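Presented sequentially are two complexes of subunit A, the first with subunit B as partner and the second with subunit C.
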Partner chain A sequence: MRFVFKTSYDRDIDLHKDGWSRARIALLVVIFALLPFAVGDYYLAEAANTLIWALAGMGLMILVGHTGLPSLGHAAFLAIGAYTDAALMNAGLPFLVSFPLAGLAAGVFGAIVAIPAVRMSGIYLAIATLALFVIVEEMVIILEPITGGVGGIFAPSIEIAGIGFDRYANLANFYWLVLAIVVAVTWCYANLLRSPTGRSFLAVRDSEVSARALGINVTATRALSFGLSAGVTGLAGGLMGHFIGFFNYEAFSIFISINLLLVVTIGGLGFIQGAFFGAILITAVPQLLAILRDGLGGWGVDISAIPGLDTAIFSLILIGFIVYEPAGLYGRYLKIKAYFTLFPLARRDMFRRNKTYVKTERMR
Partner chain B sequence: MSLLEVEDLAIHFGGVKAVDGVSFTVEEGEVFSIIGPNGAGKSTIFNLISRFYRPTRGRIRFDGQDITGLAAHQIAPLGIARTFQNIELFDHSTVLDNLLMGRHTHRRTNFVQDILFLPKVRREERAHRQRVEEVIEFLELEHYREKMIAGLPYGVRKVVEIGRALSIGPKLILLDEPASGLSVEESEEVAFWIEDMRRDMGLTVLMVEHDMGLVTQVSDRVLAVANGQPLAMGTAAEVQDDPHVKAAYLGTPEEDAA
Partner chain C sequence: MEVLQLLIGGIATGCIYGLVALGFVLIYKATEGVNFAQGDMMMFGAFLALGFVNSGHMGLPFLPGVLLAAIVMGGVGYGIDRVVVRQLFGQPQFSLVILTIALGFVLRFVAGTIWGYTPVVLETPYSGRSLSLGGVIIGYEDIITILVTGVLTLLLWAFFAKTRLGLAAQAASQNQMAAYIVGVPVQRLNSIIWGLSGAVATIAGVLYASKGAIDPNIGLLGIKAFAAAVIGGFGSLPGALLGGILIGVVEPLAARYLPSGISQMSPYVIMLVVLVTRPNGLFSQIQAKKV
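Up next, the complex of A and B:
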């Protein structure tokens, strides 16, 4: 067992409780940074894809995991990010300008549409976000001169200070760029959670009445969360556009929204780490299924002969997670970790859910 | 001028006259209690002051300012804090974070500064923490500082909720049945805290409570209500002796707090 002795309030304000925790994150970043030297192009591209999904997942996690609001429309913000970035670069702006603007565009759009929407709750808000998604999809098709309409659009090659970050020509550079952006956003997210803004999100999530009694403007807080969430997802969209290279509206379908929801729920709601765990799962499972298909093919079994079978297996795996690991992958990780740090003191009932008693419904 | 002035307050839910013409004033530094049978409208009076409900009729003034038209989130910044009859804490946060959330009205940083965690944010966090630690010390919550609310016993949660209200640094605190569900020892502690709040922190206390021992011990004045209407006002002894009050309690045998 390890104990952390606290000697000042700064201990609690700091992101890391001790040097060990800081070293572990640093090591993780170094391992990720060295990945291009360890794996081939195929897996490096997959890793970049996973990081982009983790970024999008963090965007949705702010809203769903930390503010407690649903969204079925986050593919719309991916689309806004991707199209804004590509369109601005096509208009001659450098990536360093177009990319932040893409995030800003998605964020401002998200916050503005959120102001009326967040007054709704639960299923109504979910439907409103779905409607938002449909509207954005239509807009993409209508704004053909900018978006390429149904035909689609090229995301130009990224170049910063004369160095190429093209997804194909300089894959390692592109990967590092994605990694740097993900690290920066993760740091900002962690800061958010240790500050008054993040606490107000949690307050709104856990008890709206209490939040109001503490002076928190619930509507404004939700709109802010929606904006930040949309902004981060927009950044991920910008990168996704470059990763796909050539895309049209179909790249940001409703299924992408649903996959994103799966990333956050399967990864572990309410934890930044959850977005990463979820992104790894959602990008790795199709890969594993492909490997499995090839393997079985060698045995004379051809599962690709049955259409939709791998989608069905994929869905079953996801349903299994939701049923048997409701706290998500990160929740499972925490349990395993606690088991080893407390060894041999861990008890089986330690993680049994506490009964929480009924709150008054009258105030809602 | 009184700190809180409630004038002819009324709210009707359809045909139910939950509160119907209640007037009272609370002086600065006073402990003022509202008693009455279950369903009398006591919590509804609190919800009207908190602006969770819009009154059908009547005025509420705090510190000379008419607050009847304000939004619920504009009440705490004026210095009015409250607890809930059915504890409303942030269950998935620690005691410390719950208390820090009580500092919301004192935040001086915006979300951009927060996200970048500029030095100002750290300075502010230290100051918030210091204030919250004073509350923790006052309520003897040291042992529970890092514990999640979801795992805490009922009595501790009640205290944490008082702590969160105190973290606001209010002038007036509304306590809705602070002793309900507590053991005798815990109720006695609540009585001490209420007296300390008034004496050491200069707080004004408006309390709803069934425990007449506690009410008698701490209150300067007591208002009895039944069926949304005022019955009697005066010292605890005067109100208990009032024939209307006796009738109200006999007419509705007292149950446990709903």
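Up next, the complex of A and C:
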């Protein structure tokens, strides 16, 4: 156990507990920044994909993890971000303008939708977001002049101040761009959580009644969280569009929404780190399956003959996590860490889940 | 005449949505949980029936085959609750949502592995035949769908209103702790309700399959059934059925008379409008949460 001697009140709300924790984060960023020199193009593209998923995961984490509102339709905001960005760039705007506008468009749309939506409680909101997703998907097909309809749309390559950030021609540059955006968003997110706004998100999540009693406008807070979440997801959508290159409405199917939920749930609800853990898992499993497929092929077992296997494996992983480790990968990491820092004082019941008896909200 | 034709087809389709929605409402009414895998349970039930009935598979007669499928699916529903869902007893509602979504994917994978992903047709003794009433052509399958749905809704309503088990289920959802105290075996009851919901899903699946080919992805119909359940007000059996019929009727009419694309959106637009204007559905049982 380390103790920090605090000499000012600001230390209480500092992002990092001590210089050691700050140094670790800096080291992590440096390692990520040096990645293009260490790995080949294939794995670099995968790393960029992971970062984009982590960004989208952070978007959903604000909503599900920190405000406690479920959403089954976040692929809609990915789609809005991707299409806005691509359409604006096709209209001749530079990336530096179109990219923030894409996030803004998704965010404003999210906030507008949220105002009626957040009055609903859990299940209803989940279903409403699902409906919202279907509507956006149909809108994409209807708005053919902007979105290319069923045929799809091409995301032009990015160029800032004469330097190319094309996903194929200058993969390292593209990777650094993604990394810079992810680092910036993560920094803002971490700071948000120690601001009054972020604290009110947590308060609304933990107890709506007490949050209201403390003078928080619950509806406004939820709508703000919904808008922020949609905005960040929209940014991720813009990047995802550039990563895929050419996409149509099928790129943002309901399965993407589910995968996003998987990212935040398996990663660990309520932790920024969780979004990254989840993103790593969701991009690594298909790779591992491919490696396994090649390995088993040598043994005469052909698992590629079974379609839909990776979805099934994802689902089984998800079921396993929900049943046995609802706190996710990051929660498990924290538990293991607590076990070692407290050694030998850790007890089994330290992390016991609270069970509650259900009461209906009908017929009250 | 054209409108009448569309109307009858719409009502029959709506009955299927309504039946799937009844499955949701059953589980919600009894356990306060929402089963997002209901559509996939319907799909799985339809495939089980196909496996029992079709001449290429086991080749049982139609009615015994369907009943057997319903019973097996009831067992599957009971098993799902007993093995997986019960682990989440007392956990937040939202974890059940994610869990059942994942379960739906697993069911879809199992069905796809056993029966393949290409559309197949369930052999029924009545599909393809039709009745002509003064210029309006009604398929036998539509009549049977409407009749079966009506009977099933009445039975389920009677189950909740009259039987000991149904009353216990209502009690368990209204106040779990109180139900425990008066001796209701809440966990076993939940499993029974899941089994019942599986059987209802099978019947919905068979009715759906008699209207056309099925493949493992028809479970996505569950999303529409959700809209139906929400429009009717979650927790109301007749509401779910009427919501389903409303959607079923609006869809073909919108496809016929409105620009393309509106029809696919219409169920969800109706649902959002209902959610915004009457957040608790048309047949509301919920009053505002008081603090």
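Assume the second predicted complex is superposed on the first by the 341 of 364 C-alpha atoms of A that agree within 3 Å, B and C clash if a C-alpha of one lies under 4 Å from a C-alpha of the other, contacts with A are read in each partner's own complex, and residues count from 1 in each chain.
In the analysis below, a contact is a pair of C-beta atoms (placed from the backbone, for glycine too) under 8 Å apart; a residue touches a chain by one contact, two chains touch by 3 or more.
It should be emphasised that the depicted structure is a prediction, and the values quoted were computed from it without experimental measurement.
**Student:** Going by the contact rule set out at the top, does A:M120 touch subunit B (first), subunit C (second), both, or neither?
**Tutor:** The second partner, subunit C, only.
**Student:** Output check: A:S200 vs subunit B and subunit C. Expected answer is one of first, second, both, neither. What do you get?
**Tutor:** Touch status of A:S200: first partner only.
**Student:** After superposition on the shared chain, which partner residues are touched by A:F314: those of subunit B (first), subunit C (second), both, or neither?
**Tutor:** In the superposition, A:F314 contacts subunit C only.
**Student:** Decide which partner touches more residues of subunit A, taking subunit B and subunit C as the two options.
**Tutor:** C
**Student:** In the superposed arrangement, does A:P326 touch subunit B (first), subunit C (second), both or neither?
**Tutor:** Second partner only.
**Student:** Applying the document's definition of touch, where does A:L192 land relative to subunit B and subunit C: first, second, both, or neither?
**Tutor:** In the superposed model, A:L192 contacts subunit B only, not subunit C.
**Student:** Mind working out whether A:L214 is in touch with subunit B, subunit C, both or neither, as first, second, both or neither?
**Tutor:** first
**Student:** Look at A:I258 in the shared chain and tell me whether it touches subunit B only, subunit C only, both, or neither; answer first, second, both or neither.
**Tutor:** Only subunit C is touched by A:I258; subunit B is not.
**Student:** Go through subunit A and flag every residue that touches subunit B in one model and subunit C in the other.
**Tutor:** Touching subunit B and subunit C on subunit A: residues 209, 212, 356, 358-360, 363.
**Student:** What does subunit C use to touch subunit A in their complex?
**Tutor:** Residues of subunit C touching subunit A: 31-32, 34, 84, 87-91, 93-95, 97-99, 101-103, 105-106, 108-109, 112-113, 117, 173-177, 180, 220, 223, 226-227, 230, 234-235, 260-261, 264-265, 267-269, 271-272, 275-276, 279, 285-287, 289-291.
**Student:** Touching residues of subunit B toward subunit A in the complex: what are they?
**Tutor:** Spelled out, the residues of subunit B in touch with subunit A are 47, 50, 52, 71-77, 81-82, 84-93, 96-97, 100-105, 107, 109-111, 114-117, 121-122, 124-126, 128-130, 133, 150-151, 164, 168.
**Student:** Of all residues in subunit A, which touch subunit B in the complex?
**Tutor:** 9-10, 12-13, 188, 191-192, 194-200, 202-203, 206-207, 209-218, 224, 228, 270, 354, 356, 358-360, 363
**Student:** Taking the complex as given, what residues does subunit A use to touch subunit C?
**Tutor:** Going through subunit A, the ones touching subunit C are 70, 72, 116-117, 119-124, 126-128, 130-132, 134-135, 138-139, 141-142, 209, 212, 254, 258, 261, 265, 306-309, 311-312, 314-316, 318-319, 322-323, 326, 353, 355-364.
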